[in-house]
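Each chain carries a letter (A, B, C, D, E and F) given by its place in the written order, and its residues are counted from 1.
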Amino acid sequence: MEETIWDLRTDKTIAAIKEGKRLDGRKFDEYREVKIVNDISENADGSARVLLGKTDVIAGIKMVPGDPYPDSPDEGTISVGAELLPLASPSFESGPPREEATELARVVDRGIRESKAIDFKKLCIREGELVWIVFIDVYTMNHDGNLFDACSIAALSSLLKTKIPKLEADRVVAHEYAGKLALARKPLLSTFAKMANNVVLDPILSEEKAMEARFSCATTEDDCLCAFQKGGGGSFTESEIDNCIDVAFKKAKDIRKLL
Amino acid sequence: MKKKDKVDYVKNGKRLDGRKVDELRPIKIEAGVLQRADGSAYLEWGQNKVLVAVYGPREALPKHIQNPYRALVNYNYRMATFSVPDRKSPKPGRREIEISKVSGEALERAIFLERFPNTTIDVFVEILDSNAGTRVAALSAASVALADAGIPMRDLVSAVGVGKAGGEVILDLNKAEEDAPDAVDMPIAMLPRTKEIVLLQMDGLFTKKEWQKSMKLAEKGCEQVYEAQREALRKKFLEAEKEDKKSKKAGDQ
Amino acid sequence: MEETIWDLRTDKTIAAIKEGKRLDGRKFDEYREVKIVNDISENADGSARVLLGKTDVIAGIKMVPGDPYPDSPDEGTISVGAELLPLASPSFESGPPREEATELARVVDRGIRESKAIDFKKLCIREGELVWIVFIDVYTMNHDGNLFDACSIAALSSLLKTKIPKLEADRVVAHEYAGKLALARKPLLSTFAKMANNVVLDPILSEEKAMEARFSCATTEDDCLCAFQKGGGGSFTESEIDNCIDVAFKKAKDIRKLL
Amino acid sequence: MKKKDKVDYVKNGKRLDGRKVDELRPIKIEAGVLQRADGSAYLEWGQNKVLVAVYGPREALPKHIQNPYRALVNYNYRMATFSVPDRKSPKPGRREIEISKVSGEALERAIFLERFPNTTIDVFVEILDSNAGTRVAALSAASVALADAGIPMRDLVSAVGVGKAGGEVILDLNKAEEDAPDAVDMPIAMLPRTKEIVLLQMDGLFTKKEWQKSMKLAEKGCEQVYEAQREALRKKFLEAEKEDKKSKKAGDQ
Amino acid sequence: MKKKDKVDYVKNGKRLDGRKVDELRPIKIEAGVLQRADGSAYLEWGQNKVLVAVYGPREALPKHIQNPYRALVNYNYRMATFSVPDRKSPKPGRREIEISKVSGEALERAIFLERFPNTTIDVFVEILDSNAGTRVAALSAASVALADAGIPMRDLVSAVGVGKAGGEVILDLNKAEEDAPDAVDMPIAMLPRTKEIVLLQMDGLFTKKEWQKSMKLAEKGCEQVYEAQREALRKKFLEAEKEDKKSKKAGDQ
Amino acid sequence: MEETIWDLRTDKTIAAIKEGKRLDGRKFDEYREVKIVNDISENADGSARVLLGKTDVIAGIKMVPGDPYPDSPDEGTISVGAELLPLASPSFESGPPREEATELARVVDRGIRESKAIDFKKLCIREGELVWIVFIDVYTMNHDGNLFDACSIAALSSLLKTKIPKLEADRVVAHEYAGKLALARKPLLSTFAKMANNVVLDPILSEEKAMEARFSCATTEDDCLCAFQKGGGGSFTESEIDNCIDVAFKKAKDIRKLL
């Protein structure tokens, strides 16, 4: 029965798009309202809850001292995990991360990593021995479409608030901090859905169900592109992508103001 | 954390955080906070923060797990990796599995399961921040979420932690108290109207006397939790009524 | 068909209980016969097979040198595992531990750990470097009810016989021992089943199938309670629990004499 | 590997390995190399070596995953443990899972999926040796294997890597180029006839100008890949014809 | 354990533990030791201790694994964590998986599988203590448990280890012998009446002559195991008869 | 339907065997044509692709510095993995290794290990600290029967070509080598299938489907037997095994010439 409901909604969504409209009244290049609540967890070194319309996600940071990779003994690293919690949707089951969660985690990871927002050399504690690993975990609480951008905002917002734990004998002292994590850039993801030969920003769930293809693009405040991800069984033309990039630069700027 | 040599966990009737022995940390519950779940609740209890979603009754799958006489309760307690002092592995641990089992069983008595044969009622709990007492916080939030989902119940389940620190029997231990060398931790859940005990666990060395004393505190604590739960549901109900009126005025969209 | 058999037996069990009787003729607060065979495995550092009526379980101890936890550098630890072997029941499948096995292991663990029977500081070999980890593994061989108490007795009995391996260059020398494991207390679990408003000690399998709720209580010889566990979809009143505690103190004393 | 201080990735119009900025490494594709698969292909692209097998359309199992409107594409990209400088764990990693997902989606547009309801088309990729660009190598080989399996397609999918090293936008980066401090890596796949983009990923810092420049190279690269793919299929077709004639002469066995 | 420089594994016709070259360690088998299994056996063979339970023939599930022509044999060999000198991980290892496979196949020839289409016969083995030769001990116990379950069989399966230590071909190696620098270990299982070989594995360097010599010992060993197996079944049968008479006298309960 | 095809082919196979023939025209003790291509992967330290008729497998070697086992501090070791890739057969699914893959890996492992072809002491880098682990991974590409022998040839052929990586600060320097791996012996597996009271060497897939039992025997060039493995639900007589051993010695010699 749920399937039938979505089929009907898909028809409505497509019909609206063809008339240049979206079911929730937004323009094609408009984000839903973004709400950010920081520091939602005291045990996290940084955390944020982000509402993108009704899409609701949480990100939390833990900085953990660990071994450096042998081929970069003077660099720390980041590790992004994503869980599609069953709280978020009747169709998510609990269990090991599925490929959707893997893709989500890796796209959020790349946006941050490739922008060089975090200087991995500054995460070195003692060369060849001890470095910081920045664990970024995002959880979905309510899924009404575009988890990518919601998680990207939550991850960046958490990182901007992240405090570096105090170390004693190479162990973290709970709830004591030695400073703040420095971010060189503020990368943000912007995600588009294509359907009926139109491309819309920030798809809601019904649009995701109707879409043929998805394109995400991470941008920085200094006009760099730092990550792309195309998904879905359809295709984009080069000029569609070109246009998405322009919208992404512009709209990410607006969201950056909220951070 | 190195255990402290000598600490007075209660001094002049006050605990380390200023509470009295029979005083709960502040509780705040909100019902109906998630859109896609059939029912949901958000709870803050001291530093503890819990989000709960309920789905169901819905068809139990795969079919061979169905019970033709009643609904199954599937309770899923999980902690976010960042919700504890040392990062938790994202994989569910044995502690989470055990808590899920006993918490699900605790809810069974409260729900009219026999009305929904072959179905499952799924309760998903996510702990966002923690400071002792998350399982009772979760269970208290879960029964609000069940009510929010409109699932018919005998009563709410109200839960609280009780125990001992520095020789004193106290209500609602926080983490510092739970780390006392002689700490006893006893999570308990009741149906408040009948005082039936539906969850009871205990760790630590207790005399029978101390146990009896702690039961008194537990009952008192559950009553306060019950009040907070009902308050959250009342609020939700009033809001729903308001919305309903509004939408009636506006006509169906 | 097996289901039907159990339904009939449940009816019989309940009918008997209502008349103040149990199908196997025991009193409500009576244990089945307990048989303990120690040292059933030479490769184990301690071991025991316990028959509780027809319920048949085995426990074995391995003491293994390992790293201490960073926050307790001068303490060893215990680790309890439980496997519901498919030998024990036609309804157990082989495979990874299910939630029943997890609960069983954790309840046995808490009975021992919380009683402070084992002084973890005495398990320290070299502070901050090497400590003993006491692996306690229990296996079910035949399941006729009350695996909790049977495993608790088997674990305690094994520990009482456990020899500490000899170490050479921080490695265990096979079949040579440096002493015995000291136990400060003898914690034992007592498990009760509630059905038709009555509470019985040491339920057999047909009583477990009929029961509404279960309560277990670990006691020590110096009149301490050290662990509780309530299970099952039903409830207990405070006075029922109060009574269970009294019975548990008394009956555990009897079993302790057999160790 | 320590990153080098200053390297000229392009000098006098030549790259470190002697290629021009818009030059692919040598490509060799062979169709129909495995007996039991419905379709297969072997591809060498520089040092990269890829084997692909295709099964299907065959009934999708378990039944509940079936789509009554179209075939599913199940793409499985795996690297042999010895195919990389440091031994890879035999367990599929998160990178392999992500590549499998986006590559399978990239093929969907090319296949007439709606003709085969309730079925699955399984594509299994094994990377035997690697030196940057394995996902585009695999995807290019996979569409040859699909054609070899006789699966009706709109067009082949042709894929190529493009990006930046030492400030220069270049086609088909090798590992040394991908390790440049300012490296950008952009795998892209197209339906060559319509230029529809079916796969597009990117890592690294790119200006929009650089991106536009790289798109030109990508189009050029895909055309060359397309030619190699069609050549492989022509060869296979001619061989099959020869075999067919031979067996007709010899009579059916 | 450091390997010893020079050891005489056989001296004046006696082995390190006093046995002759063709002498088994003491064997004790008991049938019908577990209540809930359809058949069971407990075996002690030197230090080895094995418990086996058999269930079936029962419906094979899930249905798609059913064979409409015969019963399946599902053999599960596991070692308790404490049954070996160094604690074994509770997770089944590759050795246990391989032994389970070849042991299950060894039993197939003995059982009239074709009489029980669509079913499975499940054999669960738990090794409680070990000192070389556990797989043959388990297999010998398993066929007693199968007989105890009343499963119709061509013959029992009798199994024994044979091999070489210090240049001598010997029967039923213990752990010290298996640790010889030149040790050969050859587990073998037969249907004793027909001498059909149903399990045969070998590790170590053997000449063909040595192999032939070892086959003689193996045959002799299997005969003794066979006798112990039949003795266990005779005892069980007599006891069952006695019980039967008793219960007839007492009337049905 | 696939089942039906195999049933028919089994009937044909058995009928032919009864007349002393094989469907592909080979003699009972004849191998299919063996083709070996070495060095198929530059990133491997040794590699080979082996065609045994249409059966197609690949082996690759990686030498990795690692910790020695505590009980053999001066010895390296080998580790064999096998994956039944779904490329090889419509009935193989991708996923974790099943028992067939486990058996295949372990039989290939034993043939090499037990022959003492590799002197584990020569794999020691620094006693008690660092040794070479020789990872041998075999992958099936096309399955037309007798994966055992094909993988055995591929593993041996790869080992014979294996170069020992150069180490710098205990880490492997990519694509630089310090010498060749020495092999003291050339063990090869020979596998037989029994059906209708006949035993054939190197069974093709249709023979494997028809066979009652399987016997494999690893031999060395100095007339040693180093591993046996019997599989399948049927049985062998002693004289059948005796004969297999003779054939194995002879036929492995022929294949050894191709290496």
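By definition in this document, a residue touches a chain if its C-beta (ideal position, glycine included) is under 8 Å from a C-beta of that chain, and two chains touch if they have at least 3 such contacts.
For each chain, UniProt lists the protein as follows: A, C, F = Exosome complex component Rrp42; B, D, E = Exosome complex exonuclease Rrp41.
The model shown is predicted, which means the values in this text are computed figures rather than measured ones.
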Quiz item: By label order, what chains touch chain D and chain F together?
Solution: none
Exercise. Would you mind pulling out the distance in Å between where the CA atoms of chain C average out and where those of chain D do?
Key: 57
Practice problem: Can you check how far apart chain B and chain E are, centre to centre, with Cα atoms defining each centre and the answer in Å? | Solution: 52
Exercise. Go ahead and note the Å separation of the Cα centroids belonging to chain A and chain C.
Key: 47
Practice problem: List, in ascending order, every residue of chain D touching at least 2 other chains. | Solution: 1
Quiz item: What are the residue numbers in chain F that touch two or more other chains?
Solution: 71
Quiz item: Taking touching chains as linked, do they make an open path (line), a single closed cycle (ring), a hub with spokes (star), an all-linked set (complete), or other?
Solution: ring
Quiz prompt | Chain order around the ring, beginning at chain B and proceeding next to chain C | solution = B, C, E, F, D, A
Quiz item: Can you name the residues of chain F that touch chain D in the complex?
Solution: 40-45, 47, 54, 56, 58, 60-62, 64, 81, 83, 85-90, 94, 135, 137, 139, 141-144, 172, 174-175
Practice problem: Within their complex, state which residues of chain F touch chain E. | Solution: 71, 99-100, 102-103, 105-106, 110, 114-116, 215, 220, 223-238, 241-242, 245, 249
Quiz item: For chain B, which residues count as touching chain C in their complex?
Solution: 1, 73, 94-95, 97-98, 100-102, 105-106, 108-109, 113, 186, 191, 195-208, 211-212, 215
Self-check item: Contact set on chain D toward chain F in their complex
Solution: 1, 34-38, 40, 47, 49, 51-53, 55, 58, 76, 78, 80-87, 90, 122, 124, 126, 128-131
